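Below is one structure; the comments refer to it alone.
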Amino acid sequence: MGSFMLTKMSFRNLFKKPVTKMYPVEPPVYTSRSKGHVVNDIKECILCGICEKRCPTGAIVVDKPAETWTINPFACIQCMFCVRACPKSCLTMEHGYTPPSTSMYTHTDTKPELTAEEQAEKLAREKEKAERLAAAKAAKQAQAGEADNGKE
Amino acid sequence: MGKKTIIPFGPQHPVLPEPVHVDLVVEDEKVIEAIPQIGFIHRGLEKLVQKKDFMQFVAVTERICGICAFGHSMGYSETIEILMGLEIPKRAQYLRVIWHELSRIHSHLLWLGLLADGFGYENLFMQCWRLRENVLGIFEKTTGGRVIFSACNVGGVTQDIEDGDLKGIVAILDGMRSEYEELLKTFLYDSSVKNRLSGIGYLSKQDAESLCLAGPFARASGLVEDCRLDGYGGYGDLAAFEPVLSEDGDGHARCEVRAREVYQSMDIIAEMVSKIPDTPISLPVKGMPGAGTAAVHHVEQPRGESFYYAKGNGTKFLSRFRIRTPTSHNIGGMTKILQGCDLADVALNILTIDPCISCTER
Amino acid sequence: MTVLSFVIALVGFGLVAPIVGCLLAGLDRKITARLQGRVGPPILQPYYDVRKLLAKDNVSVNHFQDFYVAMSLFMAILAGVLFFAGGNFLLVVFIITLSTLFLIVAAYSSRSPFAEIGAEREIIQVMSYEPLVILMTIAYFLAVRSFDVSAVLTLSQPIIISLPLVFVAFLFVLTIKLRKSPFDLSYSHHAHQELVKGITTEMSGRTLAMVEVTHWYENVLFMSWVGLFLVWGSWIGVLVAIIVALAIYFLEILIDNNFARVKWQAMLKWSWLVTLVFCTVNIVVLMIVS
Amino acid sequence: MSSTIKSPWIIHYDASSCNGCDIEVLACLTPQYDVERFGIINTGNPKHADILLVTGSVNERNINVVQQIYEQMLEPKVVIACGICATTGGIFKECYNTLGGIDKAIPVDVYAPGCAVRPEAIIDAVVIGLGILEQKRTALEQGKLVSEKSADCVTAADKIVDGQTVRAAALKITKG
Amino acid sequence: MATIGLLVVLPLVAAAALFFIRKDSVRTPVVIGSAALIMLACVWLAIGHLTGTMEFYPLKSDIITYATLLIDVVLGIYVFVKGIKHGVPFASVLAGIQTVIVVVFELTVAHGVSIDNDIYIDSLSVMMAMIIGFVGTGICIYALGYMRVFQEQHKDQEDRRHIFFSIFFLFLSAMFALVFSNNLAWLFCAWEVTTVCSFVLIGYTRTEEAIQNSFRQIVMNMLGGLAFAIALVYLGSAGILELDKLINLGAVGLAAFPIALLAFAGLTKAAQIPFQSWLLGAMVAPTPTSALLHSSTMVKAGVFLLAKLSPAFGWNFNGMMVMLIGGLTFLICAFVAISQSNAKRVLAYSTVSNLGLICACAGVGTPEAMWAAIFLLLFHAVAKSLLFLCVGTAEHHIGSRDIEAMDNIFVRLPTIARFMALGMLCMFIAPFGMLVSKWATIVSIADTGNIVLMLILAFGSAATFMFWAKWLGKVLAVSQNSPDLEKGVYKSEWFAIGFMAFLVLFCSVAFPFISEYVVVPYLAQFEHFIFPGLLPAWQTISATLGFDNLLIMAILVLAILLTFGAFFGRSKKRLVNVYMAGVGVDPEKRSYRNSLSGVSESSQRNWYLEDWFGEKALLPMSNIIGIVVLVVGIALAFINLGGGALL
C-alpha cells in the first residue's frame, strides 16, 4: 500500500521530452514493412485478373478490354493478398496510407500507349511467338504424323 | 418509495469502448438490477464462409476482433490445418507464438489502460498506452501493420522475422520491464487503485466453475483454466508453463492476473526466440478441405478460451465455420457481479471481465 | 468594506479573474499533459474552447437551464467581488454555495438521468466540503476576531501560523472544490466516467461556456482562499500568497494525476473525518492558546 | 481563423467496428499521438462534440443509434468515417447484417481509409474536418445552415484535400 | 391592552360560532371575516407596540384565574376520558396527576401569591402575535378549500369540519393568550389548551393510526405539562409566579430547577429529541393541521417559551442541557430528513431540526444567539407554512405526498412548484432569511467559542443543504409539456399560498429593518445580566454581522427576484431532446429502447442514503443520548443548584 506511486514516472515525464510524435509538423516515420496503399507497376501488369479474384474486399477491378487496372482505396484493407498473388510481382504495398478525403474515389491505371520502338519490339515478339507456335504446331503435326505412321 | 432510478447505460457511453446496452435499475447508487443487451456490432461474418474461400477467410477472421486479431487468424488457420491434416514448420509455429504473446501484451496493456480510465485515473491510462505503443511498434516493424497485420495464413505465416530483429524484440521488451514494473506496482499497491478494485465484483471459485468462466476472469477466481496448457503449436515446446492464478476473485485479482501475465508473455517470447529453429515459414497448401471433414480447436486469447469449429465440403468454400469467444463464456459472470454493485462500479465490473463484444457478436 | 472597495473589486475581479482563471486552467492542462508525457494543448486552450462554445448553435433542453447557469456565474462573480472587496467571509461562503446550488438546479432541470445523478453527486460533494468551509470561516474568525476578509491585512503574521491544520484540511476539500481527481465525481473534463458528463451532460454551447467561465472565477476565488491563509499586513504577504497559491495549484494538479477517482462513500467519509479531526484539534488548541 | 477549429471536441462511436479502428482512435488521445495538441478532447457526449468519429459499418441495430447521436450534436458539426468498414463496409460489406458505410446512415464529411485506420490518417481527417467545420460555422452565423452536408462545403473542402494542402493546413493550425 | 383582549376573545368567539356552522356558504365568510379581523387587530397591535419597550399590565382578575382553573380541569377530564376510551391508561394517569396537582396548587399555594403583572407586551410577543395572526389565520383560510377537497376525497368519513375550524380558532386564541401571559398559571392554562387542541386535530381523521399518533402526542406533551405543573408548584411556594421575575432570577441560579422543568416542557412541545416522534406522527392529520402546528402554533409555543427563558440560560447547566438537546436534534434530524421521501415527513424533520437550532441558540443565551433564535423562528414560520400549503395542494392534485411523485411538478403545477421552490430557498440558502439567521448563529457560536456547537452547526448545515437541494431539484425538473393540473385549486388556497409567499419575501427584504427596529431593541433590555464584559447586544450584532451585510442580503433578494421576473423561462433557445445514450425514443417521457427491445421509461429517484442516515441508523442512539442529557440536566439542576435555597 502507498499513495503517489506513479509520481516518480510523472516527474520523469515532466522533465523529459514528451514521447509525442509531432505529426503533422514532422512527417510520419515508416518501417521497411509498413503497409499503406497498393501500387501497380502497370507496365508490368498483364491484366490477368488474379489479384481481383484474390482480393477479399473486391477492391480491385481489372478491365482487360479497356486495359485498365482500378483500385478503390476506400475498400482496400491492406491484406496484401493481391501483392502475394500477382504472378508478375508488379503489385507492391507502398508506405503511406491513402489520404482521407471528403469524397471517395477510385484510382485507375491504364496500360500506357507503347512507343514506336516498343511497338516494334512487341510486334517482333508476337511475330516470333507466332512463328514459334507455328513451328511447334508443325512439329507436333509431324510427330503425330509419325505416330500415325508408326501405328500403321 | 415506489420509484426507481432507471438509466439507459449505453450503447453510446464514453466509458464503454464498445457498444453494449445495460438497463440499469439503481437505488441511490446501488445497482439492483442490470439487464445487458448486445447486438449493436453483429455483422454475421460466419456466414461469409460461403462467399470467401478458405484461404481468403483468414482475412475475415483477423477482423473478428482488432485486438486479438492475430489470435483469431491463428486459431482459424490452425483449425483448417487440423482439418486438412497439415503439420506446419516449427519456425512458423514459433513465430505465431511470438506474435500471439505480443498481442497478449498489447491487449493487456490496453485493458489496464481502459481499466485505469474506468476508475478515473487518466494518467495511468496514458502511461499504459504509452508503453503499449512499443508493442505496436514491434508489430509495424515486423509485419507492417499496427493492429491488424495479416501475418498468419493457412499453412504458416506470411513473413519471417530475421534473427536480429527477434533479438531486437526481446531487447525492447526487456527495456519495457522497468517502466512496466512501476505501472504494475501502481495497479497492485496504490491505495487509491486498491480502494476502487479490492472487493468489487467478487466471484468465488465455485461460481467461476459453474458459470463456465474462461481466461483471466476464471484464473482470478483460482480456476486453472488456460488452453495454452494443451500445448498446441509452439506452446508444446515451452519448458514449463504455469498459468497465473489468484484466489481473491475480485476486481483487484483480475487486474493482478492480467498484469502479471504480461511478464509471463515476455518470458514466453524470450524463450521462443532463444529456441527458434531455422526452417521454412510456411508450407504450400494443396487441395481443399475434404467433404464431410470437420475440426475443432481452441486457442487461449488474452481474454480466455476461443473455440473454433470448421467443416469442409470438398470445395474451396467451407460449409460451416463457428466461433465461441471468451466473452460468451464470461457474460454470465458479468451479469452476476453487476447485481448489487455501486453505479460507480458498473463500468469497472463490466471492464474487469474484459468484454469483447466485437468477437462475441461477430 | 466600502462602496469604493466594492467597485474596485468589481472591476478588478470581474475583469482579471477570468483571465487568470483561464490561464490557470490552460496551465493545468499543459502541466497535466507533460506529467503524462504528452505535449498537451496551448496554454490558451480554455479560451479557445469557450470561444468555440459561444459559436455553437443555440439550443437547450428547456427554457430555464441557461438562466440557472447564468445565475450560477453571477453568484460566483459576486462572491469573488465581495471577497476582494474585503467583505464578510461567511457571506462569500454562502454566496458561492448559492452559485453551486444554481448549477445543481440547472442540472436537475434538464431531467436527463445522467445530469440528475450528477446533480445528486454534486450535492454529496457540497455536503462533503461544506462543514469544513464553515469551520474554516469560524477558525478564521477566531484567529482574526473578525469575519471581514480585509481584517487579515491588519495582522502582524499570516493566519496559517495559528491555523495550520485547518489549512491542511482546506487543501483536502480544495480538491473537491476544484473538481479534481480523486473527487471529480459529479463531472470532469474528461469523459470516460460512468455519468457521461454528469452535471453538464445537457449543457451545450453558450450554457456550457458559462459553466467553464464560472469555473475560472471559482478557481481564482478558491486559490485566493489559499492566499488568505498567507497574507498579513505587508506587501510581502501578497507575494508569498501568490507563490504559495501557485505551488498549491501545482500540487492539486499532481494529485489529480496520481489518484483514481474515489466513490462518494469514501469522499464523504474522508472529508468529514479530516474536517472533524483537523479542525477540532486546531480550534481547540487555538482557543487554549489565546 | 476562429476558435472553432482550435477546439474540436470529438465523440467516438463504435458502430460495428472490429475494434481495430477504435483502438487507433483511442491511441490518438494517448501520449504518442496526443491530439490534445490541437485542442481535441474526447467528450463522449454528442451535445458537447463538434466532430463525430465513427468506426465500423452500420447494421440494422445501430443505424438508429448513429443517427440519434448525429442529430443530438449541435451545429456546426462534422462526421468522419474512420476505417474501411466505416467508408464502405470493408470486408464485411457482404455480411447479411451489414448495411454498408456510415454514409448509409448520416452525411459523412470526411472519409478516412485504412484497415485499421492509422492515427496519422485520423489526424489528417480531423484537419480536413476542421476546414469544413469552419465553413459550417460561417454558414451558421449567416443563418445558412443546414443539417445536411451542403454542396459548397464539399467543393471547398475538396480543394484542400490533396496531401500538400492537408499538411499545410495542419501546420498552420498546429503553429498558429 | 384592549387589543390583547380582543386578540384572545375574537378567535374564541369565532371558534364558538364555527362550532355550530355546518354549511360551507356560511362558514367561508365567517372564517374569512374573523381572519381579517384578527389580522387587523394584529396590525393595530403592531402599530402601537412593535418597536416599543416592554409594558406590563396588572390585570388582577380573579375571574380569569378561576376560568383558567376551570379550563385546566375540563381539559384534564377530557383527556382522562379519552384515554380510558381508547385504552391508553397512561394518558389518563398523566392527565389525572396533572389536574390534581394544578387544582391543589391553585386552591392552596397560588392563592397566597400576589401577582403584580398578569399581562405584558414586548416586541418579541408582538412579533409572535403577528406570526400567529398572519400565518395562523392564513392557514385557516387555506383550510377552507383544502378541507373541501379532503372531504370529497374521503367520502367515507363523516363531515366534521365544524369541529375542525372551531378548534383551529380556539388554537389561535390559546396562542395569543400564551404569548402575552406573564402570569405563569395563565400561561400554563394556554399551554395545556394548545396541547389538547393539537390532540384533537391530529386525531381528526379517526383512523387507527391517527388516534394512536394523537395519543403519542398527548402523552409526550402531558409529560411536559407535568413538568410545567411541578415547576408551578415549586415556584408558587417560593412566591414567584411571574415570567419576567423568573427570568430575572435565572442568571442568579436559584431558579435553576424550575427553569429546567420549564425548559423540559418547552423541549417536549418543540418536539426535540427524544420527543420528536410526536410531531412526525402528527403528519397523519390533514395538511392545514400540520401547517398550523409547525408554523405558528404548538411547536412555536415550545420554542417561544425557551426563547423567553433564554436570558436565563448561558453557561449554566440548564443552558447546556437546552443547547445540547437542541444541537443534537438539529444535527440528527437534518440527517434523518435526508432519508425521507414523504414530503411531509421531510418537512417535519426539517421543522424539528430547525427548532433544534432555535433551542440551541436559546440555550447559548448570548444576544446574538437570541437574535438568531428569533429570526429563525420568524422565517421558519413563514417559509414552513408556505411549504406545507404547497405540499398540501400538490398532494390533492397529483395524488401523493411522496417527493418522487413530484417529478415534473414544475410543468404540471407550475405556480405551486414555483412557490414551493421559493419556500425551500428560504429554508436553506443565502440571501434568504433562514440562512441569514443561521449566519447569526454561526457568529454567536464563534463568539462563545463553543466547539461542540460549531461542529454540530457545520455538519448539520451540510445535511440541511442535501435534503433541501435534492427535493428542490426534483421540483424544478422540467419536461417540455405535460398536462397542467392546476385548474382545480381553490381561490382560498391560492390566496393563502400567495399570502405566505408574500410574507416570505417581505420578511426577507425587510430583514435589516426588522432586525434594527424590532429585535435589537428587544434584546437591548437584557444586556445588563448576560455575560458581563461582552458588548451590548446592538453593538455585538453590528460588529460581527453588520447592518451593511444584512442590507446586501436584502438587496440580493430583490435582485434575484427582479432577475427571475425579467428572465426566468424567457430563453429563446431552440429546444432539443435529452441525451439518452443513443437509444432515446420519446424525449417527453424520457423513454428509450431497452434491453428487451421494448420501450422503457428512464426515471430518476433522489438519493436517500438509508444506510447512513436512516431513522433506524440514527434515532435509537440519539434518543438514548437525549434522554441521558435531559435526566442529567434536570438532576443537576435539582441537586447542585441548591433547590432548597429557594424554598
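Note that the chains are named A, B, C, D and E in the order they appear, and that numbering of residues resets to 1 at the start of each chain.
The rule is short, and it goes like this: contacts are C-beta pairs under 8 Å (C-beta built on N, C-alpha and C of every residue); 3 or more make two chains touch, one makes a residue touch a chain.
Just so it is clear, the structure is predicted and the values come from calculations on it, not from any experiment.
Any chain touching chain A that also touches chain D appears here: B, C. Using mean Cα coordinates as chain centres, the one most removed from chain D is E.
Here the two chains linked by the largest count of contacting C-beta pairs are C-E. Nearest to the common centre of all protein CA atoms is the CA centroid of chain C.
Per-chain CA centroids place chain A at a distance of 33 Å from chain B.
Look at where the CA atoms of chain B average out and do the same for chain E: the two points lie 65 Å apart. Centre-to-centre separation between chain A and chain C, using Cα means, comes to 61 Å.
Mean C-alpha positions place chain A and chain E at a centre distance of 89 Å. Multi-chain contact residues of chain B (touching two or more other chains) are listed as 5-8, 11-15, 29, 59-60, 63, 123-124, 126-127, 130, 133, 145, 148, 190, 192.
In chain E, 576-577, 579-584, 602-604, 607 are the positions where the chain touches two or more neighbouring chains simultaneously. Of all residues in chain A, those touching 2 or more other chains are 3, 5-6, 10, 18-20, 22, 56, 77-79, listed in ascending order.
A complete list of chain pairs in contact reads A-B, A-C, A-D, B-C, B-D, B-E, C-D, C-E, D-E. Put simply, chain C touches chain B in their complex at residues 32, 35-38, 113-114, 117, 181-182, 184-185, 188, 190-194, 196, 257-264, 266. Against chain E, the residues of chain C that register as touching in their complex are 1, 57-67, 70-71, 74, 78, 82, 87-88, 90-91, 94-95, 97-98, 101, 104-105, 107-114, 116-117, 119-120, 123-124, 126-128, 130-132, 134-135, 137-138, 141-142, 146-147, 196, 201-202, 272, 275-276, 279-280, 283-284, 287. Chain E contributes residues 576-577, 579-580, 582-584, 593 to its touches with chain D in the complex. Across the complex, chain A is touched by residues 31-34, 37, 80, 84, 87-88, 90-91, 93, 109-115, 117-121, 123-125, 127-128, 132, 154, 157-158, 161-163, 166-167, 170-171, 174-175 of chain D.
Those residues of chain A lying in contact with chain C across their complex are 3-7, 10-11, 13-14, 16, 18-20, 22.
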